[in-house]
Structures are given as structure tokens and as C-alpha cells.
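One structure, as C-alpha cells, below. Some questions next.
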Amino acid sequence: MKEVSLFIPCTVDLFAPRIGEAVVNLLRRVGANPIYHEEQTCCGQPAMNAGYREEAKKVAKHFITVFEKDPVIVSPAGSCVCMVKDHYPEILEDEPDWFRRAKDLAPRVYEFSQYLVDVLKVEDVGASFEGKVTYHESCHILRGLGVSEQPKKLIRAVKGAQLIPLDNADSCCGFGGEFANDFPDISESMVKDKVESFLTSGADLLVLNEPGCFLNIGGYLNRNHPGKRIMHLASFLATNGREAEYGN
Amino acid sequence: MAQSVRDEILAKLRAAPSVGVPTRPTLPPYKTLSMNQEQLIAEFIARLAEEAVAVHRVKDFPEVLDRLTVIASEEGLKKVMTSADDVISRLDLAGWGKKNDIQVMTPRDFPDRNSYRDAVFDQAQAGITGADFAVAESATIGLIHNKDQSRLVSLAPILHIAIVPVDRIIPVYEKAIEKAFAKKGEYPSQFVFITGPSMTGDIQGVLFKGMHGPRKVIVILVG
Amino acid sequence: MEIKTEQFTELARKELKNERTRFFLKVIPAVMKARRDAGMANLPDPSAAMACGAAIRAEALARLPELLEEFEKNATANGMKVFWARDDKEANEFIKKLAKEKGVRYVTKGKSMVTEETALNELLEEHGIEVWETDLGEFIAQQLHRPPFHIVGPAINVPVEEVRDLFIQKIGLKEPTLDPIQLGYAARLFLRDKFHHVQMGVTGVNVAVAETGTIINVENEGNIRFTKASPPVQVSVMSLEKVVASMEDALHMIRLVCRNCTGQRISVYVSMDSGPKKKDEIDGPEELYIVIVDNGRSKIYQDAKARDALRCIRCGACLVSCPVWRQVGGYAYGWAYSGPMGQVLNPMILGLERTQELYRASTLCGSCKSICPVGIDHPSLFLYYRAKDVLGDPNFKSVNRPWMERKFFKMFSWAAATPWAWNMGVRMARPIMNKDAQNGVVSKAKGPFQGWFRSRNIPAMAGDTFHDRWKNNLKDKG
């Protein structure tokens, strides 16, 4: 059985652990064997984005030590995958040994939908959902990793689900980590536009596969449009779209 | 003083670290490069239509004058300014003007730049030029400016009439530049590419023709 | 132009409340982006064309001192006079002295971003020389005393009622029309008179060609051609990074800049000057001056990473693809350059301290990077500037970040590298975070996250995190 090391971002660990559970559930369903290193904490993106590279380096080194023996690492968060693949080598460039270890690790880290479709060659995970679903293209997943068809293939394979287009699907939702808190007026305006696209799409459910976007759009919906549903792709597939509400 | 500022700036630039550059990809050729003359003419005409340029096709130079008569009547032209380039010189525009009671001016009629400037701004209702090049890739007219091709003739009057022999039609801009810039030390003081009438969308994004340059361009294609 | 880069958040807030700006931003940027995409699509291989653009600009920058020397040599041989200016003051002073020497009362100007940077217009006006911007949008922005809203449409957001009132006041508009076309024609007549009698014109430079000593301008209106044809003296101002090696390279850049700017295959006019008019020509400049402006670029050039920002060809595509620019528009950025282009340039020219919010006001979504025809990696540069800012690097004119922030990230990184500390931190934070939780959701909490909570909830921090669930439950189920 294929052993898969889980990289569960801090956002999921602390605020949406059900997404992690769904990832475990799905990997087992398709015949993989997920393992989880309990010493993992965070990829260090918050420090990186704020310009604290020395601090991000400390976190990167811990991450590399935890994961570097794993042949395959899978995460339900594209931005964290980009942090490891693109930024770890960049910030460790001046330390040749760590740089080599970071470069060595990078190709073994996958975003979750990318792993299912491209590596395991699975599109149908045996899920079903009667209704219209629309998909938001998260920035790091789409532009950072070039992943767009894979999540849609997984959604289209869900029995009974109808994937319908979302206006401006590839427009940023306004999360951007610290940005949402540091530039709240602009962030709010962006998430409002994203939600409007969802509300006018005719879809019953908004699906995405980035936890940051989930917390952001979900948070706005929860406050302003409580009946409207949003799910992470993993949760959608694992629970047939029947996962409980936004909170814990 | 000026010398040392230059040296100072260049020295700063030279002191910089060298940086690797990305590799140039090979570009596939533009589609007009594989067209024959007939196809190029058709492409040129199709692109002209996209630029809202009226095109009249005539078979020879005598017919050009007939067509000009029609255009002059349609546009109500009484005073025009023309170039003296090698296309225009094949036409007896002075004679045509007399026959049709149209005042045909050329820059050479004027003793100095100011009086010429007054005429081309305030009197000429149209500027008539030939064309050194006609680029099919975007229906672009290329003009080499020199003593026979003054700049304001194709710019100041509200109507620009360009007479384009079909053998001036070329596939891409590069062919024009290769010719116009063939000899070092003999580059044209100015070379222009003109594609359609002047245009802007600067007020609320509403596009319209005829901001500063001509509001209308008419091409007479010869041959 | 007053520099207001320190006021980004405040200016952005104002623009977010401006009904006219919101109305405009809902429609026009999407249209412009669609036109840009359609324009690029008519190239045989759009992504190769962009990669070629990146290579041309990177190569030109790698050879910059050599190409500038070659340009100067050839331009001078062609009869142009080349003047080098270290900074805004030297550039402005040269042009002012020339204007005074020639006894001109006014100059007409073609759009030039670098002269907005140097504030040339203000300096000339101070010394009694009238300046007439002649690009319709620049003219309106100039008369309204506003910075450009967008690089291509500097006043494209100004409602037509305001333009009408402005024209009644400033150009003697007789018929109070709200038709943009009639207003445009009124401006045409007014500015035509200026072109007719002008004695000295000032333009920018889109591309300078080293091999031939040529400067090239692209435009749709014809105001630059007039400024180069009518007066006996022409001054063309170029920032020193604008040079490319050959005509062939220049033509490729023209194909790219026109498509990325407005979606056109080529702009209506492309004018290429290789010297003043020849003796027997009746129009065109008797004297043609080129002013090469440094204004901080040689310093940027010395930084191997920041140098990439100098590839910019000012097409403006990054503006209409940026989700932040599309919310706030150009004024918020507080200077000549807005959007991602301004966010990479302004910090380098003005210093990191004066522009702290500019390179932080990004979600790093990458739209700018993916649309840039010269391959600038804006998000990477934002991160670079943020890192330099944290270091308080004097070369970049930055000062230290707030003490609390520095302490927070030190603690954060230590905890994230020390699992027991991380877990303890989570246990300590949970009750604080969840104090006002209701139905598993938090809508307010004490601490530095007030920005988030204004419009959003967040799930309460899980009582059992994924760590807990794995340990207690999921692990064994496998």
C-alpha cells in the first residue's frame, strides 16, 4: 500500500480539523496509507509573508527535518505546498546543505487533488451529491502550481453533481494571510465580490481546496449569508457534501 | 560637467554584479510571412476594414485621379495639401486640382516653416500622400519623412488620403525597417507607422476617432 | 505631483466609498483585460512572445552601460544632443534652462511617466513657462491637479459631468454637452491651437534603440507626432532603462506593449526619430535633445533582484489584472505609478519607509506575474522588499519594524520549530480566542485581529485539533 505522509497546515489543524479527517478518509478509500508526523506544526508562511526570513528559515528547517525521509507528502493547502517547494530553497540558498535538502524535498510535495488525479490516477472516489456545485480557483493552486483541471475532474466524477461555472472564478478572494487583517477594507471588498459571484451562480454549494480561502469566504458567508454553503474539496468528496456547518 | 555626470552614471552601472538572463525562445513566424502577393493584398484590405479605413481599389494611376474626384466631391474638398513623394509625383495633382477647382498645395509652395504650418493647420481639408510601405500584418502605412514627405501633411488635416501601390504591401514591419534603416548614417530623420485614424477612449472609456490626428483615413489601393 | 505613498490605506478607503470609482471599476478593467487577452491571442505563440519579451528586456539590462554608450554614440552621430541627468532636479533644470534660452512661453507635452516622476511640469510653471499636456487623459488630469488613475487612461474614471465643467472653466467650452465625443472635439480644437504655434515640445520615450541611435514613441491620438513635427525644438526624456539593442528587438517590444496596453496589434502611430530634421525638410525639429534620466535607477540596477523591476515597459496590463487595483483604482497608490508596477517601482525610487503599505497591499495572488509580458515576478519582489524592510536595510531606505511585531515573529518561529511549545501555545491561545464563541463560531476576539472580524467570523479554535484527532482516533483506524 502506498504510504503517504500528511502535511496538515496549521489553519486546518486548529480551525478546520474536519478537512484533515476528510483527507485521511479519502486516501484510505483509494487504497493509500496515510501517516502523520505529530511533530509537524506550520510551514512558516506567516513569517515569510511578513518579511521575517530568518524566522521562516527556522521553521523551514524544522519542517525539512520532519518530512525529508518521506517519499510522498500530500497537503490540502496549495499555498503551503508553494511555500515548501518554491520558497524553502530560496530562503535557504545561503546554506548549501539545507539548500540541497530543500531542493531534494520539493518534488515530493503534492497538493491533494494533484496527488489523487495525477499520481494515483483517480478521479472517481465513489462520492455522490445531488445538486449544483461551483468551484473557486485559489491563487496558489491555479497560478502557483498550475492545478485547475484536477479538482474539476474530481467534482465532475461525483455522481449526481453538476459543476457550473463561477464568474471570475480565478479572481483572488482577498485572504492573502496577513492581508485580510491588515487591509480589511480592501479584503472585505474582494470577498464581497467573490461571494456575489457565488450567490448569482445558481450553485447550491461552493467548493474550493485552499483552507485560507475557505476560512475567508466561509467567514464572510457565515456572518452575512448564514444559509449559504461552502466546503473544502476533501470534505465535499468525503462526506458527499453533507459535512456539518462552518464552526467547530 | 555634463561629461562627468555621464561617466558617474555609467560607472555605477558597470560596478553592478552580472546577472543571468533567461533564454530567448524561438518564435513561430507571423502568418503573413507565408502569404503570396494576392493573399497579402487581401489581408491588408481585411485589416484596413477593422481599422475603419475606407479602401478604394483602382487598377492604375489614371484611375486614381478619377477616384480622387469622387472622394473630393463626397468630402466637399476645396483645399488640399499633398506630399511630393515618389507615388504622388506619378500623378499630375496640380492639373487635377485645376480641372476640379480644388486648390492643391504642397509644402514647397511656402517660403518658410511658419507659413507652411499655418496652411497645413488652417487651410488644408485633406492631406494626400503616397506610402513607402504598407504592412499587411496590421494594415499599417509606413512613411519615411524627408524633403518630399513632410510630417504635418499626414497629421494636421482632418482627412488623410493615402495612395498605396499594391507592390508596397509587405508582410511584416521588419521588412520596412530593414529597407528604411539599411544604411548607417542615412537613417530617416523620422519614420512613422500609421494604422487608421487618430483615436482615444480617455473620457469614460468611450472610444472615438479624430482626437488630434486625422479623423478619417482613406486608402486608394493601386494595381 | 504631491507624493502620497504613505497614505495608501486612507486613500484606498476613500476610493472604496466613491460611487463613481466603484461604478467605473466594475466595468472597465474587465473590458480592458479582455481586450488585452484577445490582442495577445492573435500572435502565433503568445507565451513564447512573452518569454521573448522577458529575454529581450533582461538582455538589454544585462548590457545596459554598453547599450547606453552605443545609443549615445549613434544618436550623437545622427545629430541629436544627449544630456545625462543624475536626478529629477538635473533633468528639470536642463529643460528649464533650454526653454528659457529659446525664449518659449509654453511647451506641449506628450505623455511621459518619467517627467511625472521628476515633476517637470511644476518646475517649468514655477519659472513662468506654461505646460500643456496634450494626451486627452493627461490634459484632463493636469487641469484637475490629479495623479493618473491608470497609465493608459489617466482620467478615464472622471465622470463626464466633471469633464464638462472643467472644460467650461478652462477651455471656454461653449456648448455644455455631456457627450464624451463632443467634449473630445472641444479639447482637440483647444490643443490644436497650442500645436500650431508651439516652439518647443517635450516627449517621453517608449523604446530607445542602441544600434541605430533611434527613439520610438507609441500613441493613438497624434499629440506626440504633433509635438515632434511642429516646433523647432524637441526634447525627449528617457529613463535610462528604456534602451534595447536592435530595431528587431524594438519591433517585438512594440507588438507586445500595444497588445498588452489596449489589445491593439499596433498603436495608431509609431514614430521613430533618428535625428533632427534634415536641412531641406520643412517641418520637424531643428534641434533634438535626448535627456537620459537616472533618478535612482543605477542604484536599483546594482541590486541583482530589484533590477528586474527595470524591465517594465509601462504597458499597464498588471493594473487591470490586479484584484487590489480593481478594487481601489490608481489614486490610492499616491504617485505617478500605480498597481503592481508602482508597487515594485515606487519603493525602489522613494525608499521602503515611504512606501511601506504599497508592497504589503498584496495577497500575492500572482495575476500580475502571469500577465506581465516581460516576466517581472512582482510577488517575489514584494516579499523581497518586505524582507529588506524587516532588516532595516539603509540601502533601501528602510527603518526597523515595530518591536511587538518583531517579538511576535521570533516567538512564532521558535514555537513552530519546537513542537511541545507549539502545542502549549495552542492550548493557551484557545480560551482567549474562543472567549466569545457562539455555536462553534467566533465573531469577535481581543487582540490584533480586529481587521478580520469587521466583516467575517472564524470557526472557534477546535477543542480537539487534527493532532488530537489523529492521536486519539484516526491513527488506529487505518
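Think of it as A, B and C in the order they're written, each chain with its own count starting at 1.
Throughout what follows, a residue touches a chain if its C-beta (ideal position, glycine included) is under 8 Å from a C-beta of that chain, and two chains touch if they have at least 3 such contacts.
On a predicted model such as this, the values are computed, not experimentally measured, just so you know.
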Report task. Give the chains in contact with both chain A and chain C, ordered by label. Result -> none
Requested in this report: Please find which chain has its CA centre nearest to the centre of all protein CA atoms in view.
Outcome: C
Query raised in the report: Looking at CA centres, what chain is most distant from chain A?
Result: B
Query - Euclidean distance of C-alpha centroids - chain B vs chain C, Å - result: 31
Report summary line: Rounded to the nearest Å, the gap separating the Cα centres of chain A and chain B is 55
Report summary line: The positions of chain B in contact with two or more other chains are none
Report task. In the complex, go through chain A and note every residue touching chain C. Result -> 8, 12-17, 20-21, 24, 28, 33-34, 36, 38-42, 44, 46-56, 58-59, 61-62, 139-140, 143-144, 170-172, 174-193, 215-216, 219-220, 222-224, 245-248
Query - Residues of chain B defined as touching chain C within the complex - result: 2, 5-6, 8-10, 12-19, 21-31, 47, 107, 110, 113, 116-118, 121-122, 137-138, 140, 145-147, 150-152, 155-156, 173-174, 177, 181, 184-185, 187-206, 208, 210-214
Query raised in the report: Of all residues in chain C, which touch chain B in the complex?
Result: 24, 27-28, 31, 44-45, 48-49, 51-52, 54-56, 58-59, 61-62, 64-65, 68-69, 72, 77-78, 83-86, 90, 134-137, 140, 153-156, 158-160, 163, 180-181, 183-185, 188, 191-192, 195-196, 212-214, 220-223, 225-226, 228-230, 232, 240, 247-248, 251, 254, 264-278, 280-284, 292, 294, 298-299, 301-302, 304, 307, 375
Query - chain A contact footprint on chain C (complex, rising order) - result: 9, 12-13, 16, 323-324, 327-328, 357, 360-367, 369-370, 383, 385-390, 401, 405-406, 409-410, 412-419, 422, 426, 437, 439-441, 443, 448-452, 454-471, 474-475, 477-478
